[in-house]
Amino acid sequence: MNEFILTLKCADARGIVAGFAAGLLELDANIIANKQFTDHATNTFVMRTVFEDDLEDPSEVVDHLEARRQAFDAELRVRRVDDHPRVMILVSKYDHCLVDLLNRHHAGELAAEIPVVVSNHEDLRNIVEREGIEFRHLPVTPDTKIEADAALLAMIDEDDIDLVVLARYMQILSPAVCDVLRGRAINIHHSFLPGFKGARPYHQAWDRGVKLIGATAHYVTAELDEGPIITQDVTPVNHSDTPGSMVIAGRDIERLVLSKAVRAHVEERVFLIGHRTVVFS
Amino acid sequence: MNEFILTLKCADARGIVAGFAAGLLELDANIIANKQFTDHATNTFVMRTVFEDDLEDPSEVVDHLEARRQAFDAELRVRRVDDHPRVMILVSKYDHCLVDLLNRHHAGELAAEIPVVVSNHEDLRNIVEREGIEFRHLPVTPDTKIEADAALLAMIDEDDIDLVVLARYMQILSPAVCDVLRGRAINIHHSFLPGFKGARPYHQAWDRGVKLIGATAHYVTAELDEGPIITQDVTPVNHSDTPGSMVIAGRDIERLVLSKAVRAHVEERVFLIGHRTVVFS
Amino acid sequence: MNEFILTLKCADARGIVAGFAAGLLELDANIIANKQFTDHATNTFVMRTVFEDDLEDPSEVVDHLEARRQAFDAELRVRRVDDHPRVMILVSKYDHCLVDLLNRHHAGELAAEIPVVVSNHEDLRNIVEREGIEFRHLPVTPDTKIEADAALLAMIDEDDIDLVVLARYMQILSPAVCDVLRGRAINIHHSFLPGFKGARPYHQAWDRGVKLIGATAHYVTAELDEGPIITQDVTPVNHSDTPGSMVIAGRDIERLVLSKAVRAHVEERVFLIGHRTVVFS
Amino acid sequence: MNEFILTLKCADARGIVAGFAAGLLELDANIIANKQFTDHATNTFVMRTVFEDDLEDPSEVVDHLEARRQAFDAELRVRRVDDHPRVMILVSKYDHCLVDLLNRHHAGELAAEIPVVVSNHEDLRNIVEREGIEFRHLPVTPDTKIEADAALLAMIDEDDIDLVVLARYMQILSPAVCDVLRGRAINIHHSFLPGFKGARPYHQAWDRGVKLIGATAHYVTAELDEGPIITQDVTPVNHSDTPGSMVIAGRDIERLVLSKAVRAHVEERVFLIGHRTVVFS
C-alpha cells in the first residue's frame, strides 16, 4: 500500500464531501486522516485527505476524480507522501534559522528534500556543505540585482524547486520573482505582525518598551512583510532586556516559527484563501 | 433553516464519510463545519458535523441515517444547536470557578442552560441567586453521604441534566454516582496531571520547587483524579512565590481550563475513546 | 511591627544602595524583599524595598532618609503596606474587565480600595452596587465633554484617588486630563502594541489573518494607545476563528493583562522611565 | 575596568546589604546589576551583584570582604565575568540537546567554555569535532560502571570542569558521583515533574491522554529525577499526536529548557536552597 495526500480547494457547495469520499471509496482507498474547512467569508471549501491505496501513481487518482473536480471547478492535487517537496533555502549571514532547518532535516522532522542552499555571501558555506548539501554563492549588488533575480528563477526552475525558504535572507525579492513564487516562498519576519516594520525591529521594540517580542512566518508577496501569515509566536521580555538580549530571545522564536511554517507547507497543511491562510494542525 | 450538530463514533471502516455525507445530501443539508478523526491505536472513528437544514426535528435526521448507523454499528447523535445542554454546577465554598462560569454564561459564551447550582454549603447562595439561577443546599456529612448521593442523582434525573460540572466541589462522588455520570461530569483538578495528588497540591508544588503550576479538567471517574483529560494549562511560578501566591495564580488557570472544557463539552466537541479524549478545536 | 514599601528613583551613582541600606539599618528596619534595577540607557536607578519596622508613620522613615534623598536628588516614597491605594474604575458598557477587577478585589487579590466606579452609561450599575461599591453615572457627549472631564478631575481630587483604571472605557480622555493623570491612569488596549490601532481591532486582526491576538495595558498619555506599556499577553487564534470568536478570546486576555497591570501598580512594582516601564515581578 | 560577579548566600540578618554595599563602595566598585532574595521559609538570603572595578583579581575583592563574610557566616564567591566556567557535556546517541548547546556556544549565547564532550557511544563524534571540541569515548557497561565513573570523576578533576551537563545522557550516575557533583551537574528530564517517571515518558503521556508535555532541567541527585528543579516548560499536544510526534515536540522543549538552565547556571544566577532553587532572571 502507498500513502497519498489529496488537497482540494473550491467554492463551497453541497455534495463536495459526499462526491469525493465516494470517489475515493471506488478506488478502495483507506482514509487515514481528513481535515476540511469552509471559510464562510469567501465561501471557500478546502480539504486535505491522507489515504492508503495500492495504486502506484497519483495521476490514477486524479484521473478518476476528474469529472468531480470539473463539476466543482476545484483545484485538486494528489501526491505520494514519500514524494517529498524540494526545498531551496536562501540565506545571507545569519545562521540560526538555517542551522535549525538543517538539523530538523537531518533528524527526519522535515518531510522535504533540500538539494541546495543559495546565499549572497560565502559565510555559511561550511555549515551547508558538511551536511552534504550543495551551497551556491549568488552575489547580489544593486547593479546585478536583475541578473541575480533571473539566475535565482532559473535555478528554481532547473532544480525543480517546490518551495523557497528565506531563512533570514537579507535581500528583497523583486515583484516579478514574488509573483512567480506566489504561495511557494516563505519568509521569516523577525517581528510580530502588524508590528515594527523595516530595519532593526528589536531596537524599535526595545525603544517602545514592549513586554513580548514575536516572529511571523508568511508567504512572500511584493508588499514587503505583508504576505499571508502562516505561523506566529512570541516570547516574553522585560525591562532588563537590551536590544542585544532581545535579538537572542528572538532567534529562538524565529527558528521555531519558521520551521513550523515550513513543516506545515511541505506536509500540504496550508491553504491560501486570498490574503489569509488555513493551516491544519 | 435550523442548525444541527451531528456526532458519530464507530469502528473505523471504509465508506463511513461517503455514506453519511451522502445521507446528509439526500436531506438537502448544508454542511457548515465538519471535523473527523481516526484514532489508529483503537481503530475508532469520530466525526462532528454542523449543518443547516429546513427540517425541524433532529429525529428526522436520525431516522434517515438509521440504516447507515446500523451498518457501521455507530453511536450517532443529532441535536439542534439551539437546544442547549442543561448544566448543573456543584460547588462548596470556593467561588472563582463558579463566578467564571456564571459570567461566561451571562456573556453568552457558554451555549448551555444552567438551571441549578447545588452546594454542600450555603456560602455561595447570593452569587448564584443574583444571576436568577436556583441555588440548592445539599449538606453532605459522612453519615448522610449515601442519601446525599441518591438525592443528587434524583435531581440530575428530575432536572433533566446533561452535564454536571464540579467547580471545586470538595466532595468525592461515590463510585456509583461516577458510573451513572460517566462522560457527563467534569471536574477541575487544581494540579497538572500526572502531578501532585490529594490534598494541598500547591503546598506540595511549592515544596518541590516547581517552576510551573497547572490545572486539569477531566471527566469524573471512580478513580480520583484519574479520569480522561479534556483540557490542561499551566502558568509560570518562581522562587518568590509562596503556597499562597501559587493558589492565586492557580485560580486563573483553573477557571480558564474548566471553562474551556465545559465549552468544548456543551458544543459536542469532546469524544471519549477509552481513557483518552478527542477534543476538536 | 508594621510593613512598609519604599520606592526610590534617581540618577545612578555609587553609594545609593549602601546609603539607603545603612539608613534603614539605623531605623532597625528588617528588610523583607528588595529589588533594584539600573537602566543603563538613561542611567536611572530604581529600587523597591519592603521592610518591617515598629515605627507607625512612614513620614518618620522619609524624614530619616531625607539627607540621603537630597544627596542623590531622588524621588522617594514610603507607605505602609496596609495603606491601600484608592482606585477609581471607568467603564462604559463592556463588563468583562470590570467584573474581573471586582472579583479579584472581593477575593483579596487586589491590595486596593475601590470606592467608586464611574461610567458614561447606566448599564453596569447593578454589577457595581451589588458589591457595595458606589456607582456614578457621568454622561459624556461631544457638547458636554469639557464639563465631564472637569467633573472627572474633581471627583479624582475629592475622592483622593491614587489610580484611575480605564476598564474598556470607550471615551478618550482630553490631553489635559491625561497630563494630570500621568503615571496614574491605566488603560487596556484590546490589541497587541504595536498593532491594530483605532476601531474594531479584532476585525482588523481577522482580516489580516493573524495567528495570535493580544492585549496591552499601558499608562494613559495624550497620544492614544501610545502610552508606556506595563503588561502584554497573547492567545492563539486560527483560521476557524471569526471576528466574533476573536472578541471572546480577546476578553480573557484583556482581563488577565489589565488585572496584572493594576496589581503591579498598586503594589508599587511599576516605575516609569521615560516612555518605558520597569515592572518588578 | 573589569567586570565581576559576586554571589552570596547566608542566613538572613539585618545589615547584610548595608555591609556588603559599603564594602564594595570602599573598593570604588560600580554596581551594574544587583538581585537579592530572602527565602522566608528557610531564612536564607541570597544575592548576586555584578560590578565594575579597576581591580584585576577577584581575590582582592574577597579579601576585602572577608571580615563581613565571617560576620554573616556567608558563602561568598567573586569571579571575573570573562573567566568563563568550564562545561563538560555528557551524551549518548540523541543529538538534539547537544547540537543546541553547541550552536548557542558558537553563537556566543553561552558564557562558557566547552573543552570536552564525553559519550558512552561513538555516534556523535563528528558533530563535536567539527566544532573544534574534543570528543572522548567512555564506554560504560554494567561490568565497567565503577571504573567508568572513576574515569569520569578523574576527567572532571583534570580538566578543571565547573559544570557537567547531561544532555540526554542515558546512563545513571552513581550516588558517589552525584555527591561529588552536587549543585554542578544539570540533567534534562524529558517530562514535566512531577510526572511520568522512568522509561518512555512520551508513551506514558500519550497513554494517559495528556494535553501538554513538558521538560524539566534539574540538578543531578542520587534520587533519579528528583533533583532541584531549575527550569521547566511545556508545549501543547492533542489527540492527533502519537508517541512519535510527542517525541519530536518534546525535543524542542527539551533543548530550550536545558539551554536556559545551563545559561542561568554559568551566569551564576542559580542558588540552591535545600531542595529548591532561586533562579534570577
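Each chain carries a letter (A, B, C and D) given by its place in the written order, and its residues are counted from 1.
Everything below uses one rule, namely that a contact is a pair of C-beta atoms (placed from the backbone, for glycine too) under 8 Å apart; a residue touches a chain by one contact, two chains touch by 3 or more.
Please read all numbers here as calculations on a predicted model, not as lab measurements.
Asker: Which of the two pairs, B-C or B-D, is linked by more C-beta contacts?
Answerer: B-D
Asker: Is the contact between chain A and chain D built from the same residue numbers on each copy (over half shared) or from different ones (under half shared)?
Answerer: Same residues, largely: of all residue numbers at this interface, over half are found in both copies.
Asker: Can you work out the whole-Å distance between the CA centroids of chain B and chain D?
Answerer: Using C-alpha averages as centres, the distance is 42 Å.
Asker: Taking the mean of the C-alpha atoms as each chain's centre, how many Å separate chain B from chain C?
Answerer: Chain centres of chain B and chain C, defined by C-alpha means, are spaced 36 Å apart.
Asker: Mind pulling the residue numbers of chain A that touch at least two other chains?
Answerer: Residues 33, 37, 238, 240, 281 of chain A each touch two or more of the other chains.
Asker: Would you pull the chain D residues touching chain C in the complex into a rising list?
Answerer: Its residues touching chain C are 14-15, 17-18, 21-22, 24-25, 28-38, 40, 281.
Asker: Could you please specify the touching residues of chain B with respect to chain C in the complex?
Answerer: Of all residues in chain B, those touching chain C are 33, 95-96, 99, 103, 107, 109, 130, 238, 240, 248, 251-252, 256, 281.
Asker: What does chain B use to touch chain D in their complex?
Answerer: Residue positions touching the partner: 37, 39, 192-196, 207-212, 214, 228-234, 238-240, 273, 275-279, 281.
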